[in-house]
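Take a look at the structure below.
Going in written order, the chains are labelled A, B and C, and every chain counts its residues from 1.
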Amino acid sequence: MMLVAGIDIGSLTAKALILEDSKIRAYAIIPTGVDSEGTSKKVMNSALERAELSLEDLEYVVSTGYGRVIVPFANKNITEISCHAKGAVFLFPSVRTILDMGGQDCKAIRCDASGKVQNFAMNDKCAAGTGRFFEIIAETMELPLEELGGLSLEAMSAAKISSACVVFAKSEVLALLRKGVDKKNILAGINEAVALRVFALLNRVGIEKDFAITGGIAKNVGVVRKVEEKVGLKALIAEEPQIVGALGAALFAKEALEQV
Amino acid sequence: MAATIPQIDSEVQKQYAQFVANFFKSAFDARNAGKKLVWMAYYLPSELCYALDAVPFYPEIWGGVCARQGIVLKYLEAAESFGYPRELCSATKSAAGMALSGEAPPPDAVLSTQPVCDGGMKVHELVAVRYKCPHFFIDVPYTKDKNGIEYLTGELEGALKFLTESFGTELSEARLKKVVELSKRAEELHLEVNELRKKKPSPLLSLELFGQYFFPCSFLGGTQAAIDFYAMVAEVAKRRIKEGNVLEEKYRLLWAPLVPQSFLSILQWLELEYKAKVVMEMVGYAPKIEMDAAKPLESLARKTLEARFPSLGNGPGVLNLDRYREIVKDYDIDAVIYFAHWGCRTICSAVKMVKDLLREEFDVPMLVLDGDIFDPRNNPVEQARARVEEFFEMLE
Amino acid sequence: MMFERVREVLDDREAVARSWKEQGKKVVGWVCPYVPEELIHAADMLPFRVMGAPVTIVKGDAYLYPNICSFNRVVLELALGGRYDFLDGVVTANVCDHIRRLYDAWHFFLDTPLKLILSLPHKTAENAVAHFKDELLRFKNSLERLSGAEISDSALKNSIKTYNRARELLRRIYELRREDEPPISGAEALEVVKAGMSLPKEEYVALLEELFENLEQRDKRYKSNARIMITGSDLDDPGFVKLIEDAGGVVVADDLCTGSRYFWEDVDVGGDTLEALARRYLSPVLCARMHPYEAHIEHIIKMAGDFNVDGIIFEALKFCDIYGGEYPLLRERLKEEGFDIPLLLLDREYALSGVEQLKTRIQAFIESLS
């Protein structure tokens, strides 16, 4: 029996996942605190607890995400770009194009059948379509974050939002709210603008089927629907899309052990 | 007797609209008409095409027409998806998007150049690659001295040689001279019209004029149509002066350097609300050009170097500043409105220099409006209106 | 310590200029390597490359505009702050929109005794050479007025020889980078080239001779997961190169105006001297601004092959239209013939920023190569 783990320290959430041979044994998701090193220990312990294991039982740990270099117990770090591709192809072997919509950035990734990255593009210093972006929108509209996606689907028509830039979008949303535009329609407009932006990102790497969305925003059905419309492909989405990066990291850990 | 406001669909407006329509229609019809179509970078002399009975197509100008019709965004997005930076000028980006989406009339040859901007220079390289058609780069020097004129004359000669070889035609020296003769006449008439605009009050309306004055000389230079247009405008101006049918004005404005289509409503509002009339635009300025049909290419080189480009990319900025000095004096300008088109490095970086110069040498205030010339994602009309209001409150 | 002197020069680039001034000699700044330094050298003045520094941009935004590339805004920031007051002249060429505008602002707002912008053709044909030669004559005359002495042809020829010698040595150092495990890292190579842009050339030649010998015998070797080449906009920050090398790559070649483009080609000393200079500086491989533009792209591809690179990093300063516009052309060309050289585009600012994101991109690229 081989026990390895992947740990993904993102900007908003930290994820840890334990792999037993090729099976997910346990995982945990917690918010990323100010102390990234402490967060990494906390999330790992939480996953270990669920798996009824201790850190010593793990033979290899790969870290990923923005905090990947500060995980004290990792044997190696690999970028979330490689990890999301690896994880997505493991879950859906036919996937060649991945859109990772994370806490602070969006990435378009193209890969081969083994999950190896062939091309990728990231939005540059732009929060459009990220977890942070939707947090700000939710705050501005005084709505719970989880409800944004469902509500937007009830829109009669999408309000016109010309910019997916968080600064402009926020002021446009405020202006629309003042005008009394239905919140559902505003949300639909926001999703439309975001979908356009990520579609451009995907085009930069070239879209090949099948297509998957990973990261926390994959849970927002409203955004997913709009992105699918633009791309013209159904998006494959994991049961828990937030852990795909950690899963990829764990798979790299497994490979590293097998190579020895 | 109070002057009545000449209708916006005046002769000037109507003929101008017809002009633009005909100009682009001929490009879309070129293939069926058995004519060669040349994609020209904005700034290059159309006379090169007319001398060979070929049809010029200026993609950046067509992008402007698309912007007015609200269909330019797809071209901008096509270019961005392809890998062009979002920061690239939207006019240039629209040209790239058109080529990538294949929705513009396909060229038989491409003539490109640099002075307007480096972005445009690079995009035209892609255009030629996409259409797999021959491409010639006309190198415009950064000096206007004898040395510079000589170099550009050689470049224009090279361009004509390139076109005749690509099309398998021959250049008629007589036709070239005729085209330059027509071009010279249009230039003279443009100067005449601008002389009339110096009158107080100025006989032509802001909205009536905008973007129109440079169009005929720049894109129809070398045609009878350009001559007819200027002759008609001069006629209208003289008639209005004679009949006393001129809108009164309190402020004489210079609009610099470009105006987005979405701001046109602001022009009319300025005129009615504040009696602020645009009596000159950087694009409406008519340079004095030495032209001689006996030396056709040298004349075209001189014309090209005296560009109508609104901020002079073809020489050091001091030349640009001299033009501001000249206009402010000659047209007795009270205030300047400057649209800083975000995509244009040349226009934006001149803001402080122009503003300082106007204040220090002429005590003329300048209002700067930010936005993007074509991009609907960055076109804050309401904000601009508010800024204009503040500006005039300060003036009054 | 092999790079001691190099780092000393870079730690205080202006120190050399100050000591030169103390001897009563003049210093002429140049922006962009299209300015033939040989003429300044032959006039017995110190050619000094005008560069940026890590400062916050405030005036640079106000006196130019935030849509001008950060290199030019930083330079103006320094100049307006008095950092370049020691210059007796500043010379540049009609290279790109941003440098043209930097020159305008410098001309308008600052009092450097000599201010000059050369009309630099975009082509290399005979008429272009003739035009540029006339411009170089204008440059020579301006320098003579500044120094009060004529630049003799033999002095100019000697300067060219010294410069060619430095170029040759730099090329030999670059040759060492073709080895599987090069004795010099990309960050070190950038430092070496950069030092030559402020040091007097005689001293620089001596330094390079010593350095070359030491490098040949150096025990330290750079092993890596991926051999990387960098191309793109103005990049003079060894820290940026170090990001790539810390992520597991080694930079073995570059096509940068602060790197190989500065010395790749010699000036031919036979014949008319000004014409020879005009020819050398109109080389089509010097920058993506030149026509035919394909020459520069082919040069990149050839160099990538010669140095056996695994991937190319294309860095473009935000707002850089020339390199922003070259990237899609290069990418399409690489697709066309199945060269199969992976290409990574990185947008950056002159001052290193957004380091975490940059690191992720670079590391992911290197992971995809190995």
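One rule holds for everything that comes next: a residue touches a chain if its C-beta (ideal position, glycine included) is under 8 Å from a C-beta of that chain, and two chains touch if they have at least 3 such contacts.
What you see is a predicted model, and the numbers here were worked out from it, not measured in a lab.
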Of B-C and A-C, pair with higher C-beta contact tally: B-C
Centre-most chain, if every chain is reduced to its averaged C-alpha atoms: C
Chain A and chain B: spacing of chain centres that average the CA atoms, whole Å: 47
Distance between the centres, which are taken as Cα means, of chain C and chain A, whole angstrom: 40
Distance between chain centroids, defined by C-alpha means - chain B, chain C (Å): 36
Overlap residues in chain C, where contacts from two or more other chains coincide: 347
Overlap residues in chain B, where contacts from two or more other chains coincide: 82-83
Sites on chain A at which at least two other chains make contact: none
Parts of chain A lying in touch with chain C, wherever the complex brings them together: 66, 78-82, 105, 116-120, 122, 124-125
Residues of chain C defined as touching chain B within the complex: 62-65, 67-68, 94, 96-98, 100-101, 103-105, 107-108, 117-123, 127-128, 130-131, 134-135, 288-289, 291-293, 316, 318-319, 321-322, 324-329, 331-332, 345, 347
Chain C-facing residues of chain B, complex: 82-85, 87-89, 114, 117-119, 121-123, 125-126, 129, 137, 139, 141-143, 147-148, 150-151, 154-155, 313, 316-318, 321, 340, 342-346, 348-353, 356
Complex contacts: residues of chain A adjacent to chain B: 162-163, 196, 199-200, 203-204
Chain A-facing residues of chain B, complex: 77, 80-83, 376-378
